[in-house]
Structure formats: C-alpha cells, structure tokens
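Handing you a structure now.
Should a chain be cited, it is by its letter among A, B, C and D, assigned in written order, with residues numbered from 1 in that chain.
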Amino acid sequence: MSLIDLANPTRFLALSARVLPWLAAATVILLTIGLYQSASAPDDYQQGATVKIMFIHVPNAWLSMFVWGVMSLASLGTLVWRHPLADVAAKAAAPIGASFTFLALLTGSLWGRPMWGTYWEWDARLTSVLILFLMYLGLMALWRAVEDPSRAARAAAVLTLVGALNLPIIKFSVDWWNTLHQPASVMRMGGSTLDKAFLVPLLVMAVAFTLLFVTLHLAAMRNEILRRRVRSLQMMQASQKAA
Amino acid sequence: MMSLGPYASFIVTSYAAAAIVVVMLIGWVVIDYRNQTARLRELDRSGVTRRSGRSATDTP
Amino acid sequence: MTALAALIRRDIRIALRVGGGALIGVLFFLTVVVLMPFAVGPDLALLSRLGPAILWLGALLASLLTLDRLFMADHEDGSLDLIAMSRTPLELACAAKALAHWLAAGLPLVVATPVLGLLLNLDMVATGAVALTLLAGTPALTFTGMIGAALAVTLHRGGLLMAVLVLPLSIPVLIFGVAASQAAIAGPLSFGAPFSILCALSLVSLVIGPFAAAASLKHGLD
Amino acid sequence: MNGLVQGQMQLTGRGVTCVRGGREVFSRLDFQAASGEAVAVVGRNGSGKTSLLRLLAGLLIPAGGTIVLDGGDADMTLPEQCHYLGHRDALKPALSVVENLSFWADFLGGERCDAAASLTTVGLDHAALLPAAFLSAGQRRRLSLARLLTVRRPVWLLDEPTNALDAAGQEMFGGLMRAHLARGGMIIAATHAPLGIDARELRIGGGV
C-alpha cells in the first residue's frame, strides 16, 4: 500500500470502508474500559469526586489542540502538494474539533464551578481554549461562506496555518494577561504530579477519545468525498442537456 | 451506586453533555452519509454518469 | 400577503444556506464580547457591572455589520428592480426584508445572550433582563439600520459609510436598552419606564424605517 | 395558453426626455406600440436604449414628457403590467432553479402558469433541483425567460434578450415571443442583434 494509492479518493473510500468497523470497535472497547476505570478511580483528597470530570475534560482539551494539529498538517497538504484529499481532511476535521473544544470548555466550567464558585473564570487556560473555540467557529464559517470547495480550501488552509503559528503567541499573551491560574499538572517538567490511580484512567480515556476522533474523522471524510462527487455530478447534470 | 459527593450533579452533567455531543456527532456523520448516498443514487437513476463511465454509486 | 411571505421565506432561506450570513453575526457578537475582558481585565466584579453595556454594544455592532448587504445583494443581481416594479408596495417589501433579516440574524443574538452572560459573570436575573431588552430593542436596530442599507444602495457605497450614517441613529436604542437592563440589575430606577420607551422606539422604527428606506431606494435605482 | 389581455392596448410616449447624471441621454422622444406588436429599440452604445426601458418600467423618472398605457388593466400602473428582463438575471445562486422561479411567481402574483411547464419550455427541466450557482450564463438567461412564461404580463421589456443564448436558445426564444404577440402581448426590446421576429424599428440617439 503506497501513499499514492491512499491518495486516490476512490481507493480511500474502499480502504476506509474496511478499516472503519475495526476502528469503531476499538473505540467502543477502549471507551468502556476507560469509563469503568474512571468510575472506580478514588476521590482526590482535595477535589473529592469532582476529579472525575477531569477524565473527560483533559482528553477533550487534548483533542481540541490535536485536531488543530491534524488540520494544520492537512493544510500543508493543501498548500504544498495541492492534494484534494487534504482539503477533505481539513474540512471534515473542523466541526469535530469544534465539538471537542466545546466539550472541553463546558466540562472545564462545570469543574470550575465547585472549585472557584463560578462557572466561568477568565483563567488563562480556559480563556485560551475559548479563543481556540472561536477560531474553530471562524474556520467553519469560512468553509460555509465560499461555495466552491477548492477555493475555500485554499483560504481555510492559510487561516489554519496562521492559527497554528498564532496559538502559542495567544497562549503566551493570555498567560501573561492573567497570571491567576493553576499550574499545569500532567506535562510538568520532571515527571507527572498526578497519582497513578488517576493517570492510568486518564491516559486510557485520552487514547479512547483520540480513537473516537479518528473514527469520526474518517467517516466525515468519506461523507465529504461523497458530497463532492454529488456536486460534480450535479454540475455535469446542469450542462448535460443543451436544448 | 458509587458516591459522588456534594457535586454529583456537576459530574453527571459533564458526562451527560459529553455523551450527548458524541451522539450528535455520530448522528451527523450517519445522517450525512445517508443523504449523500441517497443523492448519488438519485443522480445515478437520472442517468448522470461520471466521465470514466462508472456508476456513481459504486463504492466498493 | 403571499408575495410578502414568499419574500420573507426566500431571504431566510438564503441567509441559512451556504454563503448566507445569518450565523456569522452571532459569531461576531461572540468574538466582540470575548475581546472585551482582554481590554478591561479579568476582574469579574467589574465585568458583571459592565456586562449589559458590553452585550448591547456587541449586539449593536453585530446587527449593523450584517445589515450592510440587506439591499446591496438584491441591487447587484437585479432583484431589486423587479421588487420595485411589482404590485407589492416597496415600503411593505422593505419591511418584509427587514423582518426576515431580524429573524435570521437578530433573533440568534438574543438566543446567544445567556451563554455570553455566563462569560461576563451576570446572574440569571441580569442575563434575563439583557436578553429581554435585546429582544425588544434589536428590531429597532434592524429597522433603523435598514435606512442606512438603503442609502448604501443609493450612494453605491456600503461598509463604513453605512456605519457612520446609522450608528448615531441607534443611540436612543442603546441608551434605553442599557438603562433598562441596569435598572433590572441594580436599580434604583424602575425597569418598566426605560423598557417601555425601548418598546416604543422599536414600534416607531417599525413605521419610519420602511418608509425612509423605500423613499431612498426609489431614487437610487438608476 | 388562454388570454390575458383585455382588448387592444396602446402604449404611447410623447416628448419623453431622459436625463441621467446631469447628461441628457435623449430628448423629446415620441413612440408608440400596440397589442401584438414588437418594437426593436436600436441605436449606438450610450444612446439610451436601456434608459428608455427603465423609464417604461418605472425605474427611472422621465425629465419630461408622458408615457401612457391605454386599454390595459385600469387598476394597475404600467410597471405592474410589465415584465422587465434586464442585463442582470435576478437569480440567487444559493437557491435551486425551481426555488428561484417559484419565488418570483409567488412574489409577482397575478395570473400564472405551471412553473415546471415553463422550465420544460426553456429546456431547464433536468436542472430544476440544482442550485442556480451551477448554471451557465445561457442557462441563467433561460431561467429568466421562464419567469416571463410563468407569470403572465401583457408588456415585455427586454434588454438585449438574446445575449448569452445559443442558436437553439434564440430560436426557442423567437417562438416564445411570437406566441406572446399572438396572444395580444406587446414587446419592446433593446437590441443590437436581430431579434428573430418581425419588429418595428425605433431608432434613438441619431447617428447610424
């Protein structure tokens, strides 16, 4: 299986049809394990049972950035190799990424309410995710605003890459703007400060959600390819009969 | 039933919201797939074919 | 009646389809409101005091920006000529277009308000008050902004010129909208008085807007 | 295809003067047209052919003179009895072909015929459900012609109607115009190219 084969939309449809059921099954299994483990995880001595929100909040927050990364790679594919499948990948990822980002925000604010006493705090991390969410919505609006998908793909690719370059700057500025935030815990230098009892379910859930994204993304890409096929057939239909 | 402490409603809401959003995503993907294949079949029936001469719906 | 219903249906359909601007207005509203704390600072007490003002300014700008194309698009593709020629009085056609625009672009702003209220640390009462004043006040914004949209066709210029023309007209709406929301939150004034003035402003603009827009369109069609 | 026109109609313009942007386009123009008659407005570029049509459509206000329609529906003004087919197609790319057509049928009101039948006549029935964005320039013009068929109006004001139409389309359009005249309709067309039907010539702006 070479990359060229994968790059052909018809081949892609065939291959993805074979892979999808396995991916879906793996997602379900991992999600079940992850949910069971997070249910049986002990309470945190400080946060009590609310720590359980972390098991869905963190995977969604991770995905909110991961999906943008996937879209950035796809955008490179659009701009450098001008590959139509890259357009499809970028377009299909945006609504899914926006949904995960929305979940990260929602669970974050539900987690914050018991901790801070308010649903929303202009905390640096929440705020950064909110800006990311706005950028997702803007990107989706861009895809919707332009009727011709290949023209929209160019613009969206540029915006995605600029966004990817801008995200660290935004994150830095927001950090600077608001120094009242909790220290990052999972990726802290010198190892994790999380107890193993939390870390294992968290990692399982993160992998499960990533698999969920891959499954959904693949299915959405298939839909997008079919949508374009419908579009080109309709254009042919419009021109088929002359008189 | 495990005990979720004083903030049970927040925890349940988080999980429920995640479930709803995921179900909505799955629904979107499935319904979109049905719509596109239905339109492809309709185009196929009205005799529009792709340049290569293959049927529009043949997705092996 | 069927003519006006058809016009409203068409405009809403276009706004919701690919390339339509209905949801971009809400996105703009969201962005403007989210930007405010970066300028003001994350102080929740301050934000909740400024909340109604921020929401009203955001809604004002959002509804103004989407109005830009209200008549311009129909003018560019020739639809406006046919609308002006038809048996339907141009005033009523203008009112129908503005109503469709409000339903597609103004109402979503009201619906989005509770979420934004959360971000600005407004409590339930305050959020409800702001949403109610927006519900009563955004028609006035649309129907006065419509005059600017019609002038934009006449003058062959949209965008900033329209904003400069229309923004002063919407000052009364802004004053009473924010006053009513503040009254509901903190007092000491009663909510009723500014709110009824706000409703009156909406009703007056419902009458004046279509006539002024139609008058300026009639001279701008060549 | 039964009638719409109540008896004979006569459109008369006397001393019509048009001023646009401070420039006098034409002055003291006299013209008339009757039921069953086609008038081809000819003249060089900038002589005011489009302006004359827009004056008749009520979209421009004459600087002088009168335009009167005798014998039409007394309850309606001249523009309300006219179809205006301008350079621009008045189509929304986001709407489907049939949505575009039925919107104008609903909005313009009055006596109407089947939208599907007129789409078949202009040769767009296969594309009825497609977005208008997919249509070519000629097909957009055909869709505009379908509007004239779907809503019955006695007076057709046509601005370069054969633009973008292919030979078959022009022939089809000629047939439509002849049928309209046979029903007692009236056509006033601004054109450079031959119209494809017998028409009385109205030359404006002098010169050749």
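What to note about this one:
Simple rule for what comes next: a contact is a pair of C-beta atoms (placed from the backbone, for glycine too) under 8 Å apart; a residue touches a chain by one contact, two chains touch by 3 or more.
Computed from a prediction, not measured in an experiment: that's the story for all the values here.
Relative to the centroid of every protein C-alpha atom shown, the closest chain centre, again from C-alpha atoms, is found for C. Seen from the Cα centre of subunit D, the chain whose own Cα centre is farthest off is A. Looking at C-D and A-D, the interface holding more C-beta pairs in contact is that of C-D.
Between the Cα centres of subunit C and subunit D there is a gap of 37 Å. Separating the centre of subunit B from that of subunit D, both taken as means of CA atoms, is a distance of 48 Å. Distance from the subunit A centre to the subunit D centre is 54 Å, each centre being the mean of its Cα atoms.
We define each chain's centre as the mean of its Cα atoms; on that basis subunit A and subunit C are separated by 34 Å.
Of all residues in subunit D, those touching 2 or more other chains are 93-94, 126, listed in ascending order. Multi-chain contact residues, meaning those touching two or more other chains, occur in subunit B at positions 46. For subunit A, the set of residues that touch two or more other chains comprises 147, 234, 237, 240. Chain pairs that touch one another are A-B, A-C, A-D, C-D. By the touch criterion stated above, subunit A contacts subunit D in their complex at residues 147, 234-235, 237-243. Contacts from subunit D toward subunit C in the complex involve residues 20, 54, 57-60, 76, 79-80, 82, 84, 86-95, 99, 103-104, 106-110. Partner subunit B is touched in their complex by these residues of subunit A: 10, 13-14, 17, 39-40, 43, 48-50, 52-53, 56-57, 60, 95-96, 99, 102-103, 106-107, 110-111, 113-114, 212, 216, 219-220, 222-223, 226-227, 229-230, 232-234, 236-237, 240.
Residues 109, 118-122, 127, 130-131, 134, 137-138, 141, 144-147, 177-178, 180 of subunit A touch subunit C in their complex. Residues of subunit D touching subunit A in their complex: 93-94, 123, 126-127, 130-131, 133-136, 139, 166, 168-169, 172.
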